[in-house]
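Input: structures, listed below.
The same subunit A turns up in both complexes below, where it pairs with subunit B and then with subunit C.
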Partner chain A sequence: MAGKSGVTKAKKHKMTKWDKSQALWGWIFILPTMAGLIILNIWPLIQSVYQTFFRTGDFGKGNVFVGLENYQQLFQDTEVWQALWNTFKYSLIEVPFSIILGLILAVLLNKKIAGRTFYRAVFFLPMVAAPAAVAMVWRWLYNTKFGLINNIFHTNIEWISNPSTAWISIGVIGVWSVLGYNMILFLAGLQEIPYDYYEAAQVDGANGVYEFFKITLPLLSPTVFFVMVTRIIGALQVFDLIYMVMDKSNPALPKTQSIVYLFYQYSFVNHNKGYGSAIALLLVICVLIITAIQMKLQKKWVFYY
Partner chain B sequence: MSQSKKVNKVINTVIIQAVLIFFSILMIVPFAWMFLTSFKTVTEATSVNPFVIFPKVWKTDAFVTVWNNMSFPLLYKNTLLLIFWRVVCACATATFAGYAFARLKFPGKNLMFSLVLIQMMIPSQIFTIPQYTMISSLQMTNTMFALVFPGLVTAFGTFLLRQAYMQLPKDLEEAARLDGCSIPQTFVFIMAPLARSSMVALGIFTAVFAYKELLWPMVVCTDAKKEPLAAALATMQGQYATNYPQLMAASLIACIPMIILYLIFQKQFIQGIATSGTKL
Partner chain C sequence: MKKQIFAGALAGVMAASLTACGSGSGTTTAGAAGTTTTAGAAGGTTTTAASEIKGSGSSDALEVLIWDTNQQPGIQKILDKFTEETGIKTDLQVKDWNSYWTALEAAATGGSLPDVFWMHSNNSQMYMNNGMLLDLDPYIEKSSTIDLSNYMEQVTQLYTYNGKHYAIPKDYDTIALWYNKTMFDEAGLSYPDETWTWDDVLTAAEKLTKDDGSQYGFSMSSDNNQAGYYNIIYSHGGSVLSEDKTKSEFDSAKTIEAMETVGKLLKYCPDPSVMSETKDDALIESGTVAMCTQGSWMVPAFKQNDYMTANCDVAILPYDKETGVRASICNGLGWAASAKTTRPDDCWKLLEWLGSKDMQEMQAQLGVTMSAYNNTSDTWVNNTDKFNLKPYLQETEAKTGNATNKLVLRPYTYNTSVWEDQMNKDLVTAWADPSKMAETCKQVAADMNSAISKESAKSN
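Showing the complex of A and B:
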């Protein structure tokens, strides 16, 4: 070990022709991407944070410096906290249900059964449909008077206009939309589990349930972890569904509007970019905290083999 | 003994098939209802008593009306161009950067790569307002460039392709180097072709998400003729309010091309999405 590090140190003194060539081409290769990321993301991130200290003046009079006023308003704004709560409630439906159902379907489809390709294609179908179309057809299914759901079950439920049911109804659309995506990722993960593990278990006389909890789940836990992290980040950014399903006049809107929906309203409908930026920053902080917590907790349950 | 095992297996298969069929129905019903409603009249679609499932006469009026009102050929063209440029830009920039991050040694590499990682974690909405300000100060709202803009480069794609290059064997590069190949030659002729499948995965992933994007097109497109399909559908929902056959017909027209593409290239789609989601 000591000898090896001595060699690398000696190499560092003088760059060989090959090292120079690597340095040159390395930078040329990353230049377009880095330039793009700096212009499109890094600079905008700084700009957005800067913008939170300003308010768009009346009659389009440029930016007015307001110090911490946007933050003060943000902390007292019950609408924002309600929207944040709504977003969490949506995620609490979408993420666990889409993961559990996706996992069950993936395990069932990982066996040699008739119609495997057909089922896989069907479950994945919502992924390739325009979200606006998905939202419109669900709105129609949920329609209180003429909707398919109420007519089939002879009910009269206001699925999306009653504040106490609307968030669940929206969550159901979310689960329906991403179920197939999760399933595909789980299927890919399942196919990497060596078959020997199952053979060994079968020799020992293990049944399906035992196999699932003692072999499949631990070995699949890195995939489950990855899907969970990305799905939570995705769910916290829910916008399309709320925007398309909930009308402005819908009485359940205050109890369902998400944080990104509110961001869109403030930034691009009310043109209050300072406050909009503050809302976006709140979302960023929430996402980073939740992701950090998950990274910490993963040691307790994710099994890397 | 073997008899009871066989019976058990049959019961198992029946239960599994029943579960799968049940979920298939749940997945298909919304699409089927979209299809059936689009061929009905408004009265038929909103008749409660008797409740109508199949249209009595398959009417194409709704399709004709929305087709005439919504200039779909133009919307298809916008969407196709948006997807095309997003895919080209993502693949072209990410494959070079991904290779450099995976295989080349250069000063500042770790710092630059941490910039890539940061962006993968941050919700994109924080970039939206400044990106919009740039586009509007360039007076480029309602252009194809504006639609493509946030997707000119991709942190996610860079990361994905870096992972792909890292998994390739090193001896090929060594051999090429001994044969006197320069770095660009090695990359273009040897390494890039080997990472083809990950590039296809990135392309499919980019295409699907470009097709589904809603917020950014609504922000930069105020002209209905410049919008992609997803945003145009959102606008049209406001105009047709409760004419469900027309809403469903428009949704169907907007979804059909992607669904057909998906059914034809099903294997590549699923493979691509699986690769882009699990090779990280």
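Showing the complex of A and C:
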């Protein structure tokens, strides 16, 4: 094996029979993934963009070309822009809090404390539970009349049906659900940091806080960056929480429904896939812009060592 | 070792979350569309691949799809008998209301509908117009069992399109008034009966509402149309849709008057936010409200609830004092088969079986639902001795007491759910502030008209 690869290096530009078979097998091995990606992701994406120019017929038949009509409607639709704003509000709660709290938990659970495996498991549990089940449990916790929260604290707060509190309540469920996942990623990142740095710092008399900001945080920044990019994308796609927790007659729904929720409503309930696709495309563009900005800004604060 | 503990803990939680899902689905039920629309059972399934709809059963079994878990045991019994009789195997699958329609649409688009399934007036027009359902006329002509004149006319009419028949009527449902006997006794009031008008309900609701918020007279959430305010509208001589289904009547004088009555009733209901979080059925089950209107499809759930069986009973819907009319919204499901099924003859045998007089009688007797076959529903009344279910049946008679009874088909158009959803959203405003009822009704009408005008482009 080693000898053969040596031969390959020597004749770089001319493919031998063996090289060709290597390349062929390489393609065959990634074929299942490629096929999946093309059939399940790329082709639907193209289809969705294509559909935005149509008033779609029932069961995918009889589409009528309407040009930019869906987009015109989109720009005038206050419901869509409100939903986009709701989505951003949700992300503004979920992303920062789940990252900060996840980081604190990870640092604490990286220390040698008794029962840390148990704690790690406990904090990771929400990630393992089905999102629908999580949402159902929270829905009852938040219930104004029969909910556990109001009953324990003897309050009468409309957690999920008052427009000014509902978006925060939903955000809290979001933070709770992804906290453990962020924590695990941070833990993995923390364990990559060589202990030598800390030892050296301790010799120089650094305290814990100083170590955290001068060693841990900079060396963890690639992980923080990764978590941030994926979490923002994830948060902007929030759907199941809102779908499960908020009922259609909920007075707070207009102020909490997310862009994907609206997409679902139009595409699958109202049978208006063209307009639904236009809404989805709006989200794709938002995600692309935000991610591009993040990629640009990372040079300023992410430290690859 | 540590890893094992970790894995053990995870497995434990997975099991716990599954049970949480199960119990959640049992408690939140909303009968908006004449079914139990259950969120929990959906399991957050937003992926609705056409293949998902196919059951795990053997390939030689006919796939049967329904949406109501309450009816599953009874339907299964009827299907088992069918297999015994004909040797044709069936595979019964249940999906909750919301995922049923998303999955069915995906399956229809992909050309892989289940062999036999339920149809509902909300969506039937779209399926019939696009040739998704098996045209049953050639089979009905030859059949000695099925004669459509034996079934409730309104239900047959729902599944007739351009003169062709696409489903065998399965059942029908009506609405009745549920009340809490214990609360009525405590307040010293006599129980509701056929002499009650909606004004009597108002008076009683006021007396049954306690100032400390521990008990309310009535409950009617803003999305409870079929079992709720539609009945008041039609009793008062109002209407939701014009006769030819091309225009909204929600802004007609009579409809607005009726909705103003609903507005008055809301004073004795829990806060709209409470009703939006906890549905009417859960509010009466928990002893929070003294009265609410519920469809006959809720009986299987209520008869399993200990609080309900101990404290509650059923009365006929009140009538309108001015018009002397007692209107109950009525709807019926149909058994349909896929137009693209590979075994149309077997499908027909099953439809014939399900529509036969014997099986319609069995469906009623088992307490599954009232049956669409004329005069087979009497036994349904006796499916439980916990409640007096006669009121549901009385509404099909011409007259009860001094009032004229009227069965009104649940209003539908080509794309009912579009304007119905919008109506629910609009009415939230009026529920929060009943003084805005009239202007909200006008808004509903405007939105309905705009939605219906877009339909006409599709159905032609």
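Convention: the second predicted complex is superposed on the first by the 287 of 305 C-alpha atoms of A that agree within 3 Å, B and C clash if a C-alpha of one lies under 4 Å from a C-alpha of the other, contacts with A are read in each partner's own complex, and residues count from 1 in each chain.
One rule holds in what follows: a residue touches a chain if its C-beta (ideal position, glycine included) is under 8 Å from a C-beta of that chain, and two chains touch if they have at least 3 such contacts.
As the structure is a computational prediction, the values presented were derived from the model and not from experiment.
Trainee: Mind working out whether A:Phe153 is in touch with subunit B, subunit C, both or neither, as first, second, both or neither?
Mentor: Neither partner.
Trainee: Which partner does A:Arg55 reach: the first (subunit B), the second (subunit C), both, or neither?
Mentor: In the superposition, A:Arg55 touches subunit C alone.
Trainee: With the two complexes superposed on chain A, say which partner A:Phe65 touches: subunit B (first), subunit C (second), both, or neither.
Mentor: Neither: A:Phe65 stays clear of subunit B and subunit C.
Trainee: Where does A:Ser161 make contact in the superposed view: on subunit B (first), on subunit C (second), on both, or on neither?
Mentor: The second partner, subunit C, only.
Trainee: Quick one: classify A:Phe123 as touching subunit B (first), subunit C (second), both or neither.
Mentor: A:Phe123 sits against subunit B, while subunit C stays out of touch.
Trainee: So, does A:Gln265 touch the first partner subunit B, the second partner subunit C, both, or neither?
Mentor: second
Trainee: Check the residue A:Thr144 against both partner chains and state whether it touches subunit B (first), subunit C (second), both, or neither.
Mentor: second
Trainee: Touch test for A:Val284: subunit B only (first), subunit C only (second), both, or neither?
Mentor: First partner only.
Trainee: Give one of first, second, both or neither to describe whether A:Pro251 is in contact with subunit B, with subunit C, with both, or with none.
Mentor: After superposing on A, A:Pro251 lies in contact with subunit C but is clear of subunit B.
Trainee: Determine where on subunit A the residues touched by subunit B overlap those touched by subunit C, and list them.
Mentor: Touching subunit B in the first complex and subunit C in the second, residues 117-118, 120-122, 124-125, 128-134, 136-137, 140, 145-146, 239-240, 243-244, 264, 268 of subunit A appear in both lists.
Trainee: Spell out the part of subunit B that touches subunit A in their complex, as residue ranges.
Mentor: My answer: residues 13, 16-17, 19-20, 23-24, 26-31, 33-34, 37, 45-48, 51, 92-94, 96-97, 99-101, 104-109, 112, 115-116, 119, 121-134, 149-150, 152-155, 158, 177, 182-184, 187, 208, 211-212, 214-215, 218-219, 229-231, 233-234, 237, 244, 247-248, 251-252, 254-255, 258-259, 261-263, 266, 269-270, 273-275, 277-278, 280.
Trainee: Give the list of subunit C residues in touch with subunit A in this complex.
Mentor: 2, 5-6, 9-10, 13-14, 16-18, 20-21, 24-25, 27-28, 30, 32, 39-40, 42-46, 48, 102, 105, 108-109, 126, 129-130, 132, 221-223, 270-279, 286, 288, 415, 417-418, 421, 424-425, 427-428, 431-432, 457-458
Trainee: Quick check: in the complex, which residue numbers of subunit A touch subunit B?
Mentor: Within the complex, subunit A contacts subunit B at residues 18-19, 21-27, 29-30, 32-45, 47-48, 51, 101, 104-105, 108-109, 111, 113-115, 117-134, 136-138, 140-141, 145-146, 148, 151, 176, 179-181, 184-185, 187-189, 223, 226-227, 230, 233, 236-237, 239-240, 243-244, 260, 263-264, 267-268, 273, 276-277, 280-281, 283-284, 287-288, 291.
Trainee: Which stretch or stretches of subunit A touch subunit C in the complex?
Mentor: Contacts found on subunit A: 55, 57-61, 64, 117-118, 120-122, 124-125, 128-137, 139-140, 142-146, 158, 160-162, 239-240, 243-244, 247-254, 264-265, 268-272.
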